[in-house]
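Next come two complexes, and both contain chain A; in the first it sits with chain B, in the second with chain C.
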Partner chain A sequence: MTEKQDEDIRIGIFVCHCGTNIGGFVDCEQLAEYATTLPNVAHSEHNLYTCSETGLAAIRNAVKEHNLNRVVVASCTPRTHEPLFRDCVQEVGLNPYLFNFVNIRDQCTWVHMKETDAAFEKAKDLIKMGSAKAAKLEALERIVVDINPIALIIGGGISGMNTAISLSKQGFKTHLVEKEDKLGGRLKSLYKLFPNDQEASAFLEDMTKKVEASKNLTVYTSSKIKSIEGFIGNYNVEIEQNGDIISLNVGAIIVAVGASVFEPTNLFGYDGEKSITQLELENKLKNNEVDANNIVMIQCVGARNEERVYCSSICCMTALKNALIIKEFNPDAHVTILFRDIYTPGIQYEQYFKKARKAGVLFIKYTLEKLPLVDKNEIKVFNEYLGEEILIPYDLLVLSTPLIANNDNSDLAQMLKVPLEENNFFLEAHVKLRPIDFATDGIYICGSAKWPVDITESTTQGLAAASRASRILSHETIEVESSTAYLPEWNKSLCKGCEVCITICPYNAIIKNEDDEIEIIQALCKGCGTCGSTCTKHAIEIKHFNNEQIMAEIIAFGGKIIE
Partner chain B sequence: MVENSKSILVIGGGVAGIQAALDLGDMGINVHLVEKRPCIGGKMAQLDKTFPTLDCSICILAPKLSECYRHPNITLHTLSEVQKVEGSSGQFSVEIFKRARYVKEDVCTGCGDCATVCPVRGVKNYFDVDLMTQAAAYIPFPSAVPPAYLVDKESCVYLNYGICGLCIQACGAEAIDFTQTDTSLTLDNISSIIVAAGYSLIEDTVPLKKFGYKKYKNVISALEFERLICASGPLEGHLKRLSDGKEPKKIAFLQCVGSRDERNKDYCSSICCMYTTKEAMIAYEHDNNLETYVFYIDMRAGGKGFQKFLHRGEDEYNIKYIKSKIAQISVDNKGNPKLVYENYDTNKIEQLKVDLVVLATCIIPPEGIDELAISLGIELDENKFIKTNPFYPMETTREGIYVCGCVHEPMDIPRSVAEASSAAAKAAELVRGGEF
Partner chain C sequence: MSYEPTILGFLCNWCSYAGADLAGVSRLQYPPNIRVIRVMCSGRVDPKFVFEALKIGIDGIIVMGCHPGDCHYLEGNYEAEKKFNMLKKFLTFINLDNRIRLEWVSASEGMRFAEIVSEFTNSIKELGPSPLKEDKDLLDKLEAIEMAADSYRIRALVGRERTIIESENVYGEKVPQDKFDNIFNTAIYDEYMRCRILLSLKKNSKSVKVLASELEIDPSEVLEHILILKGSNSITMGEIEGITPIYEYTMEG
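And now, the complex of A and B:
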């Protein structure tokens, strides 16, 4: 702590309207006025968007003009905006940890839209508490870690291959780990690719050659990830290949494990012979084994229903492609596609849909309420357009089934300490603006491991992951979060060595060192506070959320200390 | 990494261009970002909220705008367009035409005193899709980046007649500078170019006329709707009809206007099913008695969480989806649109009277794409989107020129952002000289 902070706390409070997100429900001008009545507040104002360049300039000017040494912004959420404001105060010479975020949007106006008076009172309380905490904030030292400029890619399908080739070309040593004996993933089992009917095997061969020609790239096939430990810039990874363990140290990790195909057991007479999946059809087409004349395809088998709400997004194009291939082999074949909504977004896919209609492929819409009924030789379906039931004879039924999350995703997620979403696909940091990042820096996600995507998008995402990782690997060091848990010197005697913190830490950041003392590895700690709140002796403190700061908030709210 | 004096040129400062510039900048590579508008942010900055999270659009974009503006490795050229490209992959030389702002960008404090005193009014603002007018001295929107005003050359009295100059006197920062002229500058040592020029929306075509767009005040485009419902828009987020200021109680949203249509564009605009659902949701949040109807051909919701979003629309926001194409729209003497259509589910010709019609208009290539393609020496497809190969989606027909976002195909924001990073990766490969 500097002396200045002890003597003279000067807080600036900025209340953000966030357009109407906050300003539409509570009076921000009054909130700003209220803020001036709080202890140590030297300046307050309200802005339409505090995060805009104008708003940030207002903060910078106010810090200079009013000699502020603490800044509080009452606005949206630290989740998206804390880094921005921290940078902003840093630019005018304040330690970034002398900034405090007060959430009056996500946790106030959004949830209390219908009780605006109460929301206003709550916003006042939140600002009062945030300001009280700000007075107790301490400047924190930066934690800087070294970056080992080596990348690890898990999964050698089309996404992972693209990531690997690009990173290698950018000059980074790269390791590509594939569990099967050959690279290519799902591409290996395909016949031709939409939308230009390129031979999958030729495309894969081309990609494989590029991988082989990549000088900085090492490929490990028939290999599995055994363990991952460490943090951004410094991950220790163990790979098992044919019973041998290979240890690697890498700076960034890219998850490109792809997805699995749903098996339609007990659905629409699925037997692998007369009723097959699109993937099985690919294989038959490859070997020229399709001799049926009446082919019916059913879309959304096991998808867009109660059990699996989502659309797998690639099946419509797959069905169209295979229908066109069949028509090309055998123009007299009748191909009927039973669909719910045809998913062919964009230019080429929509044109492909048109091509299939021109080639004579029939399309019949069905609904979830009236599923097609599969008989031995006929399919009964309610034709929405005609408003009546029709019978379609078939000698081959093809079921378009969705891509589903791999069942071992949770194991990998646990090793990487990254989240999965409700369908067990990997969950990115932000679906809109950070589609390739995990919330944890240094780990990235691409391809169908995140959500079903076709080859075009897998390629895009694979390359995108190379870019995101390159941002980290291009630097020798990186600054990580300083708000971490630690065991202060003066608290060491309190620690009884119960090791609850070691057991409970979700990031494996706590160890017992050679002196048999608890040690918290700062670069691994994410500051979640779990250890601090479970420590029976209150020995562990969390920087930026220490007892004094939290108590100041509680007391400001009206809490009393009972002696 | 090996230090390199070469730079990358990014054309277009929408979310795709911004992301590409940020990725490269963060890698330590120098970037020139060229934007023809006075500020960056593109279409995303104009949106109210985004699907499927209903995040406020400008709220999540603003940090990126600031980051881009202040990034030590990114040089921002607003009001600028690429004129000429010489050289080849690895060594381009690019001529940029920069229009005068008449305001010193780094001096302007954004106070708005110039706009207050400016006697010229009624200048249309592109940012509000011409729904709102402004003074000749203006800033497109309050949180624009760079945070600087500009003077509209066409309507400014001083620039046209040499009289007035009130803004010069009013500006306490002395930022107004009428000595500025349009200039050309040449950027050498450009290793590669990323085209992120975005898109336009179809306006003057048969289906739009058929539905009475621009003729009936209560038939508006989806982008106009976004501005009307947006807090920073002309109505400050309180949705009203432009014809009579009444709050709409029934809104019809028409999908595939000008798209998936043999007589117009035969492709799908990809994003309308989702943004329409979002718009209907936001409108419902403003008024819980609102009825909304979405007329569609196929509901296209393949992205993460999209199907769930549609279900939420039906279950929680009272949205009715009707599979149909609208045959005709007429209005009664109060300006209320009446829709005639065949309902595919009931096989009947039905009618529906509503208060407001919102058209999901087709995405088309951006204005000036022909000239841009010529100066870049790249090919366009038959719809004038930049031609790419599905398996090398970032590559144009010319080596060293990459593409991302809607300028090569209609797509949503996450995909544009992923593509931006992807194009950045290709550019980084090249600038780093391949393997070493």
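And now, the complex of A and C:
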């Protein structure tokens, strides 16, 4: 290295194996060794899980022992783990902005699994770039914004109702928006609930009463979200109710929009009469309209196939529940369940399965390759265990279909600026670390909007969302990102007063002050950096993403030919 | 071994970077050539970053942001697009415009991210190594372009484009897009030529005729630029060789 080593800068680089997620594809020990050859690097090591307590302790110790003043972790993604490492370096007295993240998992080993040599070279470059930026990092002061202690819950199903009740009980003003004319969501169309056979209508009535009794809670039915703007603590939301627009300002938003039911058009003779869905069966049971003796249910209709790979998770229990209800009404009825796998996790659900078997419900396994064939009065199915085809007579066929994502999810996702996964369900910030949060601060997710879940799980998540949101709402202020735009003292003479920055700032954060100087209001600036790259005189700088830092990254990459 | 290009990506934190992470979570495989610099918004990408990357021989540069209307900061991607269009126009002069790319990738489009990166990498592979690695002449032209793009006139036009087209100017009128494009194209061309003249004179003083043959443009056009450059004190008339004035570069301009 010909570059002059800066005596004052001491970088520590921590290469994470992430179990085998990184370590299984590239040699982390060699990466750590490589890191020591980079300018300003005073220490490097590799850890099995840098985010584990052991890994964090290693960082803390190394900072003390080697007198580090910059820390680089090469591991997963800053989108999930940056806060953790920032906190960690802060604990040993470093400013959190002296930490830099290098993504060698999500954007390296996971996407180049079959080209491990190239992945190794890429990881080296990324570490080099990250380290070059780290050398230029500056300590920043935190910025504080006010929190409006009001919550908005989108969706008045079981999870949304739970969130709303909980938040309002905690004393927060709460708005609950439901697009249909009544609260309850899917619960409205159910008959009994597993595993305790409680009447859904009674349960819903109970919940609705609680909502009505909640003092701080306003319910908007037949209402749609029109627009959402703002940021944590201060979201401006417009709701449309019967053609009227209602404007709200809220501090946190909870997405509880639930899911829709898949309609099995053209599948297994579905006609809504002799071949119906589980949901339609619930309705018939409610009205005591089932007068069939031979009932067959088919599981995984339109699920766990090529088109829809996921397991809807509630259908096994729904089928067992309804089979048992039928058996109870009419013990002589023949109920056969054609399944691919029966999923009944935990003690209670497994007991429920045993109960169904004891009650005489018949279970026959089929495979995706040999789907049951539905005739007018018979179903032909290849019995895996007997190794031969059998005929089952039926007078009612019930199809267990999955919950699918609402088709207006993408509209809401766009307004909230949050992601959807490939099946159009909402995608949480992190499946294990932040399962109820979105990556965007102040917005939370619960219930079947994220994934098909039953009532127990909807309730759990609804309450969890309330708790996550109250973490924010219970504070008068919150610290937000400090990486804002600013006009450094030494650049003031560069500014020619063209005011381009004022016109392009979407947050009106840039003004001309009494001294006729450009001033950037720190609390309003969100740090997009557009003014910095537009400034006609390069006078505006962007903290934590300044020109020098980004240039350092570019130069570190250096256009070296990849071998 | 076949040639492997170097690709630099600028990804906005909220959509494209998240999309790239999703490609990872979904284990989608794409060519390993790309190195990513995370920025908060695509609007953060200063044209000078792109010039720097080109100058040091990076073969392809891709900027990715949220889809129009989806920018986490509302409008940053529109500004990114304006800057990108400007870059494209300039780079067309030296045939390097196909080495830069602007794409929109949302947080849920892991697949789209992987596809775009694959496609872009392959297209750069087909183009071969960046000629800037060897061609000194071309590097000089790029320097002129960088200087032109960095001029107050161009940066101000790019920064004001949306205001000029979308809202009324001081005279209470809106400028239609095609009219703006005309003004803009002329500005880009003129600034490029003037910067080439300046940089050429910086090396050594020359006559209009010599400049004209060097720039491969008409001497009368060179003269027009010379007059403007003289007006801004960027150059002066030095000695006169016979009847031909020789122009020199000054530091003032």
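Keep this in mind: the second predicted complex is superposed on the first by the 369 of 563 C-alpha atoms of A that agree within 3 Å, B and C clash if a C-alpha of one lies under 4 Å from a C-alpha of the other, contacts with A are read in each partner's own complex, and residues count from 1 in each chain.
What we mean here is this: a residue touches a chain if its C-beta (ideal position, glycine included) is under 8 Å from a C-beta of that chain, and two chains touch if they have at least 3 such contacts.
This structure is a prediction, so every number in the text was calculated from the model and none was measured.
When the shared chain is aligned, no partner comes close enough to touch A:192: not chain B, not chain C. Once chain A of one complex is fitted onto chain A of the other, the partner contacts of A:136 are absent, as it touches neither chain B nor chain C. Of the two partners chain B and chain C, it is B that touches the larger number of chain A residues. Judged by the touch definition given at the top, the superposed model places A:345 against chain B, while chain C stays out of reach.
Look at A:86: by the touch rule set out above, it reaches neither chain B nor chain C.
Contact with chain B, but none with chain C, is seen for A:215 once the two complexes are overlaid on the shared chain. With both structures placed on the common chain, the touch criterion links A:310 to chain B but leaves chain C unconnected. Residue contacts after overlaying the shared chain place A:122 against chain C, while chain B stays out of touching range.
Once the two complexes are overlaid on the shared chain, A:532 sits against chain C while remaining clear of chain B.
In the overlay built on the shared chain, the residue A:385 is in contact with chain B alone; chain C does not reach it.
Under the contact criterion defined above, the residues of chain A that touch both chain B in one complex and chain C in the other are 421. Interface residues of chain B, counted against chain A in their complex, comprise 1-2, 15, 23, 26-28, 50, 52-53, 55-56, 58-67, 69, 109-110, 142-147, 230-232, 236-237, 260, 266-268, 270, 298-308, 311, 344-345, 347, 381, 383, 385, 390-394, 409-411, 413-415, 417-422, 424-426, 428-429, 432, 434-436.
Of all residues in chain C, those touching chain A in their complex are 1, 4-6, 8, 13-14, 17-18, 20-30, 32-33, 35-41, 43-49, 52-53, 56-59, 66, 69-76, 79-80, 83, 106-108, 110-111, 114, 129-130, 133, 152, 155-156, 158-160, 162-163.
In the complex of the two chains, the chain A residues touching chain C come out as 77-79, 103, 105-108, 110-115, 118-119, 121-122, 125-126, 129, 413-414, 417-422, 427, 439-440, 483, 496, 498, 500-501, 503-504, 506-507, 526-530, 532-538, 542, 545, 547, 550-551, 553-555, 557-563. Listed in rising order, the residues of chain A touching chain B in the complex are 17-21, 23-24, 48-49, 51-57, 76, 80-81, 83-84, 149, 166, 168-171, 193, 195-196, 198, 203, 214-216, 304, 309-313, 341-351, 354, 384-385, 387, 421, 425, 430-436, 450-452, 455-457, 459-468, 470-471, 474-475.
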